[in-house]
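Below, each structure is written out as structure tokens.
In the two assemblies presented below, chain A is common to both, partnered first by chain B and then by chain C.
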Partner chain A sequence: MFFHIVLERKIQLHPRYFGPHLREKLVSKLMKEVEGTCSGRHGFVVAITGVEDIGKGLIREGTGFVTFPVKYQCVVFRPFKGEILEAVVTMVNKMGFFAEAGPVQIFVSNHLIPDDMEYQAGDMPNYTTSDGSVKIQKDSEVRLKIMGTRVDATEIFCIGTIKDDFLGVISDPGAAS
Partner chain B sequence: MEKGGKAYAGKGKTPFKVVASKRGSSSGREKEPVNVSPVEIDSDSDSEGFIEEIDYSKSNGKLSSKGTSGKDGKGFSSGKAGGKGGVYSSSKKPPKRDDLKLQLETPSGARVVMDCEAADILQQIQEQMVILSEDPTIKFPLSFDKAYQYTKEGKQYSDTKSVKDILESLKNCGVNDGEICMIANSGPETVEEVYALIPSLKENRYENEEPIKEALSKLSEVKLPNICGRKN
Partner chain C sequence: MSLEPFNRLVKLAARAFYDDITMKGDNQPKTGRGDNRGIAVVVLDALTRRQWVREEDLAKALKLHSKQLRRILRFFEEEKFVTRDHRKESAKGAKIFSAAVAAAAGDGRGKEGEEKVKLHTHSYCCLDYAQIYDVVRYRIHKMKKKLKDELDSRNTVQTYICPNCAKRYSAFDALQLISYTDDLFHCERCDGELVAESDKLAADEMGEGDDNRSRRREKLKDLLQRIEEQLKPVTIQIARVKDLPVPDFGTLQQWEVRASAAGWRGYGEIDPNDANKSSQGYGGTPMPSLGDTKVEVDLGGGVKEEVQSEGKPTKAKVLPPWMIKKGMVLTKEQRGETSLDAEATTQETTIDDKKQADLKDDDKSLMDEYTKAYYAAYYAKIQEEEGGRQSVKQEEFGVSASDQDELFGTQETSSHRQVGMKSKRRNAEASYKLAADLNMEAKESEEEEEDNIDWEDG
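Let's turn to the complex of A and B:
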């Protein structure tokens, strides 16, 4: 889910940018450095919504660069265990399927797909019920529950389940066409 | 078993939330044994890997689901129900769900933002960036685009403020911010669906059932019609 949070970061600026537009330069550098990053603690920093405070700069010895502590507000996205997400299926294979909910990738193992859905290989691999009424394939939309997360420096991976009440396919691109 | 209780699985009644996986066994698990855990995944730390302890002791490697047989049979009817998502008729037990309570660890000072709120915020940012950005080197990162797309396509409500006001009232009966956010994001239609998706709410069912029902009926008034999912 999304959060609004205040974070702090030290931004280094070259002296050539000192002048009337120093603040703008700091903010744009902050945006470049921060937006799109991912940390285990906060999740994906989706966007900076405001700058709360820019502290006094500190000249770094030997380089002339100045470090400014910047407090900023941002929107972050972080999935939690137990969270319900609606995700779009991006790939299906015999091990399960991958889906995306915003910037987060979720893998649903075939053990966590209802037992009566079977893998069907082919051009468009899918999981289908024996009567063919429910199909999970690429671009299907599913509602899933997050069972666990793993975070590395730049990405968050989740595993999810659709093997529970009120989880499963929401929309099937095949049915719509 | 009362079938009509759900009105969910189908018959084209709800084009948006036609969800496939509803098994014959049930939703109510208020008094589950707490020590049985077919799936244990430690996800609460920041950077740990998946730690799975899945009990595959049952035949054919299917997930074991001890202690979860349905008790109250809240209308997760078996048989076909039409619509895109058929109801699964299954005698197999579902995985234990109470292990999967929302484990929200909000960093201090963080405020939970509903998807619909996030959609408004991100939309505003995007509009501002188009107008104000004089620096061509600043581009939206991929995660912004994906998050924006996610919120935009999943938008369910016509008025974010009303949603907030409606759900805010649930705080009085002990529903926390994370649960409120999940209700808003998943857009459930019945109180049973709420309890199935957010099992932690079942603990205070006697206290929150009526307020949740009220909130859902008010939410249905601000829901956008003809939502067909994120990929339409």
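Let's turn to the complex of A and C:
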């Protein structure tokens, strides 16, 4: 689920940027530092949408670096248990398959794949129904439900299922081509 | 505080969960004689009729070898059914216990005290009702949960296990486990290939395979339903016991002190079953030296005697309304009947008594007429009771006898067990049904009691 929230962070700036473009430099440094990171509490920071407030800088003794407390608005993405996501399959093995929904990695183990799909080993390992109409392989897009999340300080990992109504392959790239 | 519902729970649980537990001897040959399934139930049943008991006494009473009994008790200690206490004691220490037992038994027989006891460790055991209640509930909960989870495939976090070093991983570790050489999961410690752990019930019985899955599901459903059905008496009993105070005998020392104190007090008065003792929650007959079947028979007799001796004065005069509470247990009708039916009938009479007392204040002549009618009705009722009692009693004995039958039947037919497994199970079901019927009766009488109390208050 996506959230638009305000976060705060302290940014250190080298003295050489102190000049007319200090603010722009500060914002670009903030983006570089923050976007794409993951915190267990808020989830993945997808994008910064605006800077609300830049506080008074504090010169650090000895180095000349200045620390600015910056308040910024950003879009974060945090997966929740029970949430439905669309994801791209990245790897298939006999234990199940891995998929990615943006930054988040999801593992679907084989007992959470519908009973009528069976693992086919080979060059392109996949899960296929007995009549061959549905196939899950690398780069397939699947709609899945998150069954559990493991949240570390800097990492979120999910377990998903496609064993439910309206879950499974959305469009098969093999069939499209 | 009554032991009866708890004892019933223990008995039901024993039959439900422990009736085919074998106490395997380490080097005993598996002959028909060595097969001792059902013993566990016998031991638990025996314990429901006792408080703290010395294990040798229990062994003697059950005609079991003390080693065998100890093995069973150790098993139940692990199952949290039984608390045990071991202590080194001399003849004197043993005497204290014997005195306590005798006091609890309400008779002066201190025979055990005279036995020559050397200074060595004696073990005592006692049912731990509070824990039994929790354990049984937990056990049922776990059984159901396991099946339900498997049914909904809700145990979604698949676990993986390393066949080499037996380290376990969950699906949450998948990202770390994946090896980029062969796309499989590898153990972090020994690099062995992990296998999915299948702790599934149904999967064990029929092999893996996709066409089996729907069948497995059906099987699970069936299993769950059967659990619900067959454990119903236990769950009902648990529900009934829920709000009752749990009988607690305390530790062995506490119990000894209390039991002997209560006993001595009992000697001073003539009635051995004074209020003090019943407050200890000792409902059954505490005769530790008697065998199983004997105790059951004596139960009826003992109650009869007590009630008779106590019932006589109440027959002579009508109790005033404020005494009715106490008089309820003592009315004549109750004589010879066991608690369930007796309560129900006495309630009715007490209501009548009360009515009568109220009338006394109003009008004498009217009252006289009423009393005449009342006594006529009363007499008719007694006659009716007399007739009905026989059948009731028989029915009751029929139940306990069938219980016994079932118990001993399982032992006797143990050699044919493999063949007769199914039929035996059906037997167990039947006995549950009987038990459930009795439960219904008990419930009815309880309700009546409540009604009565309300009426008196208003």
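The criterion applied here is as follows: the second predicted complex is superposed on the first by the 172 of 177 C-alpha atoms of A that agree within 3 Å, B and C clash if a C-alpha of one lies under 4 Å from a C-alpha of the other, contacts with A are read in each partner's own complex, and residues count from 1 in each chain.
Everything below uses one rule, namely that contacts are C-beta pairs under 8 Å (C-beta built on N, C-alpha and C of every residue); 3 or more make two chains touch, one makes a residue touch a chain.
Please read all numbers here as calculations on a predicted model, not as lab measurements.
Participant: Give one of first, second, both or neither to describe whether A:125 is in contact with chain B, with chain C, with both, or with none.
Facilitator: A:125 sits against chain C, while chain B stays out of touch.
Participant: Would you check which partner chain A:105 touches, where first means chain B only, second means chain C only, and both and neither mean what they say?
Facilitator: After superposition on chain A, A:105 lies in contact with chain C alone.
Participant: After lining up the shared chain so the two structures overlap, which partner does A:137 touch, if you call chain B first and chain C second: first, second, both or neither?
Facilitator: A:137 contacts neither chain B nor chain C.
Participant: A:147 contacts which: chain B (first), chain C (second), both, neither?
Facilitator: Both partners, chain B and chain C.
Participant: Looking at A:159 after the superposition, I want to know if it touches chain B, chain C, both of them or none. Which is it: first, second, both, neither?
Facilitator: In the superposed model, A:159 contacts both chain B and chain C.
Participant: Chain B or chain C: which reaches more residues on chain A?
Facilitator: B
Participant: So, A:95: does it touch chain B (first), chain C (second), both, or neither?
Facilitator: second
Participant: List the residues of chain A that touch chain B in one complex and chain C in the other.
Facilitator: Of chain A, residues 111-112, 115-116, 147-148, 150, 159, 161, 163 contact chain B in one complex and chain C in the other.
Participant: Can you list the residues on chain A that touch chain B in the complex?
Facilitator: Those residues of chain A that touch chain B are 1-6, 28, 31-32, 35-36, 38-42, 44-47, 49, 75-77, 80-86, 88, 100-103, 111-112, 114-116, 129, 131, 133-134, 139, 141, 143, 145-152, 159, 161-173, 175-176.
Participant: Of all residues in chain A, which touch chain C in the complex?
Facilitator: Per the stated touch rule, the residues are 91-96, 98, 105, 107, 109-112, 115-116, 118, 125, 147-148, 150, 157, 159, 161, 163.
Participant: What part of chain C is in contact with chain A in the complex they form?
Facilitator: Per the stated touch rule, the residues are 153, 156-158, 160, 171-172, 174-175, 178, 183-185, 196, 210, 213-214.
Participant: Chain A touches which residues of chain B in the complex?
Facilitator: 8, 16-23, 26-27, 39, 41-52, 54, 56, 61-63, 76, 80, 84-86, 88, 90, 92, 94-95, 97, 100-107, 109-115, 117-118, 121-122, 125, 135, 137-138, 140-144, 146-151, 154, 178, 181-182, 185-186, 188, 193, 196-198, 200, 228-232
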